[in-house]
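For reference, the structures are reproduced in the following blocks.
Across the two complexes that follow, chain A remains constant while its partner is chain B and subsequently chain C.
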Partner chain A sequence: MTYFVFFLGVCFVLGILGVASNPSPYYGVVGLVLASVAGCGWLLSLGVSFVALVLFMVYLGGMLVVFVYSVALAAEPFPEAWGDWRVLGYVVALVVVVLGGLVLGGFVGSWGFGVNTVDSVGMFVVRLDFSGVAMLYSRGVGMFLIAGWGLLLTLFVVLELVRGLSRGAIRAV
Partner chain B sequence: MSPLHLSFCSAFVLSGLGLAFHRTHLVSALLCLESMMLSMFVGLTMWPIENQTPSFTMVPIIMLTFSACEAGTGLAILVASTRTHGSDHLHNLSLLQC
Partner chain C sequence: MNPHTTPVLAISLALGTTITISSNHWVLAWTGLEINTLAIIPLISKSHHPRAVEAATKYFLTQAAASALVLFSSITNAWATGQWDITQLNHPTSCLLLTAAIAIKLGLVPFHFWFPEVLQGSPLMTALLLSTLMKFPPLTLLLMTSKSLNPTLLTAMALASAALGGWMGLNQTQTRKILAFSSISHLGWIAIILVYNPKLALLTFYLYTIMTSAVFMALNKIKALNLSTILTSWTKTPMLNATLMLMLLSLAGLPPLTGFMPKWLIIQELIKQEMTPAAMAIAMLSLLSLFFYLRLAYHSTITLPPNSSNHMKQWYTSKPPSTPTAILASLSILLLPLSPMIHAIV
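What follows is the complex of A and B.
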């Protein structure tokens, strides 16, 4: 089980590397979907199934929107996949920077394989993530209201940004 | 540092480096921001799992809300700059050219 979760962690890092190595946005979205699926399986394996479900639904919905935007606005006649030399150069440079940071920071020798999980103790006990997220509506109602107010503010920010070429926040000069 | 901590820390560093390097499209810079948010979400969810703390599990949900705000604003900026500049390439947005 430890190795399975570690395998999902490796898939997560590979998906993020596929985003960060500057391919065309189509393939970047594919890498981010791979990373979100691997992260969802990772959290699900550790036992927090509700948070993993929220992550999966929110990220796949958001990534669908971003994929439509990238198809509509960043269309290229020759998209660059991960096999191109420039993207491979980015991959090599990023891996070298991260591994060099690990070696220079002294993180290499101090490995440990401890993985903690959340266990369910039956159907009559509310598990950790369910009770914690439900606490957002009782104890954490202040942050709940602040987050809702932030979403409402974002609505008006978006409307003001895309208002038009002559009136909004960004104008043609 | 266990391998899972190494996974999300290196994912965060990788996506931050990818944002810092030269990006061709504004969409892929936004994708790097999204992947930073994803690794932060996983890292913040690992914390209550390891400490068995129920009340901390609302923190990644709140952070996901604010990352949705960020993604919406970023896509609005993408649409607006595509309208004013003709394409979403980042070299159009450089301040050093007139």
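What follows is the complex of A and C.
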């Protein structure tokens, strides 16, 4: 299990590097999917299965829809993959940053790389993430409403930004 | 903009600010910050000009990164200490991260580049909102955590802000950019006193809000986006231009005007804390910003007009009176005699 979680962590970092090294969106999304799958698996190993599932479905689904639209808008005849020199430079620089972070984290040691789980240590029958979701419908209803309003506002903002054929934010200039 | 959208955005701006400044829990404060960021974006790109859209994009990217850092610092703190209270930010790493995040949100110096460019791309009234209302929630977070922040880091950022805010504003001809750099150097004054006397930082922010609102509204009245427009506006609104000169000198912090009060009190407090070199440095650095305030003031009340005008005063152009501008202008000029009372109230 420890090796599997370590494998997930390595996949997560590699996926993030795949996105952050700035390839074409066609290839960047592969890194995004890899990071998302590995990150949700990692969360699963910490014991928050519901949050991992919701994150996987909503985040990955939403990101893929955004990806399809942006690829349709910006079609490139010669997309840059990870083999190109420019992208390789980014990869090398980011690997140096990650290694520096690991060394620094080893020195500081404030976060620790040990195994931690989000568990209630047998205090409750229900898992913590499930009971947290239930709280959103009982005592935390105010937070729930605010979060819902924030998402609705995002919809309004996006509609206002892209509204109109000739003056929306997404148009051929 | 669609008339139905404007009330939604206005309500959300008020809601986001209120949530952040009244919250006690990091997640709620972060939610308020995000609602604020989202609600201001259509206001920035109201004209749908490519520059406005670019400004909105820049604003969104910087603010999203800063919000993510706020969330990251609070999660680190919660992981280490087991609580989400804003005032109990005890973990040193989270303190550093939060200082960086709020500095990005406010536009303090190592992270200040987005601010003049966003202001330059937005309309004057949105620029007013960006430099007053949108700075209030992050400043409140900084105020609530001020007990555990690193004073050396804040002082260094504050001195750098005062220096670069004055320095980079020297060669500008666009009024919005000049006011952006003025905002950066004022935030330097706020940041230097934050750890030692949080009430004074709040007082400085309030007075800065009054003064800069007055200047923005006066500039909006004469539709002055650059210095040459101010040069020709004296024929239309002579009284407003004379008042604009006084308001600009008040922003610069010259003695008989309101703007002197925060600088006076801050220098006094710094000297009480035995930080005389820092007080001297920031006072000297504000001379840099005095230069561009003086140039704006000279342009607004120019004694020798650069081009001939047929009429001394264009009485026939329509100039409806604006009560808020008048009130803000008198407040930003005349408040200095009331400083003991204001200092006691805040």
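Operating definition for what follows: the second predicted complex is superposed on the first by the 142 of 173 C-alpha atoms of A that agree within 3 Å, B and C clash if a C-alpha of one lies under 4 Å from a C-alpha of the other, contacts with A are read in each partner's own complex, and residues count from 1 in each chain.
Everything that follows uses one rule, which is that contacts are C-beta pairs under 8 Å (C-beta built on N, C-alpha and C of every residue); 3 or more make two chains touch, one makes a residue touch a chain.
None of these values were measured; they are calculated from a predicted model.
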Of the partners chain B and chain C, which touch A:29 in the superposed model: first, second, both, neither?
first
Report for A:13: first if it touches chain B alone, second if chain C alone, otherwise both or neither.
first
Is the number of chain A residues in contact higher for chain B or for chain C?
B
Look at A:141 in the shared chain and tell me whether it touches chain B only, chain C only, both, or neither; answer first, second, both or neither.
neither
Counting only touches as set out at the top, which of chain B and chain C does A:88 meet: first, second, both, neither?
neither
Does the superposition put A:51 against chain B (first), chain C (second), both, or neither?
first
Touched partner set for A:62, first chain B, second chain C, both or neither:
first
Tell me the contact category for A:150 with respect to chain B and chain C: first, second, both or neither.
both
Under the stated touch criterion, which partner chain does A:96 make contact with: chain B (first), chain C (second), both, or neither?
neither
So the chain A residues that chain B and chain C both touch are 110-111, 143, 147, 150, 153-154, 157, 161, 168-169, 173
In the complex, go through chain A and note every residue touching chain B.
5-6, 9-10, 12-13, 15-17, 19-25, 28-29, 32, 35-36, 39, 42-43, 46-48, 51, 54-55, 58-59, 62-63, 65-66, 69-70, 73-74, 90, 93-94, 97-98, 101-102, 107, 110-118, 128-129, 131-133, 135-136, 139-140, 143, 147, 150-151, 153-154, 157-158, 161-162, 165, 168-173
So in the complex, the part of chain A that touches chain C is made up of which residues?
108, 110-111, 143, 146-147, 149-150, 153-154, 156-157, 160-161, 163-164, 167-169, 173
Across the complex, what residues on chain B touch chain A?
1-4, 6-8, 10-11, 13-15, 17-19, 21-25, 27-28, 30-32, 34-35, 38-39, 41-42, 45-46, 48-50, 52-58, 60-62, 64-66, 68-69, 71-73, 75-84, 87-88
Note: in the complex, chain C contacts chain A through residues 1-2, 5, 8-9, 12, 15, 19, 27-28, 31, 34-35, 38-39, 41-42, 45, 48, 50, 53, 56, 76, 79-80, 91-93
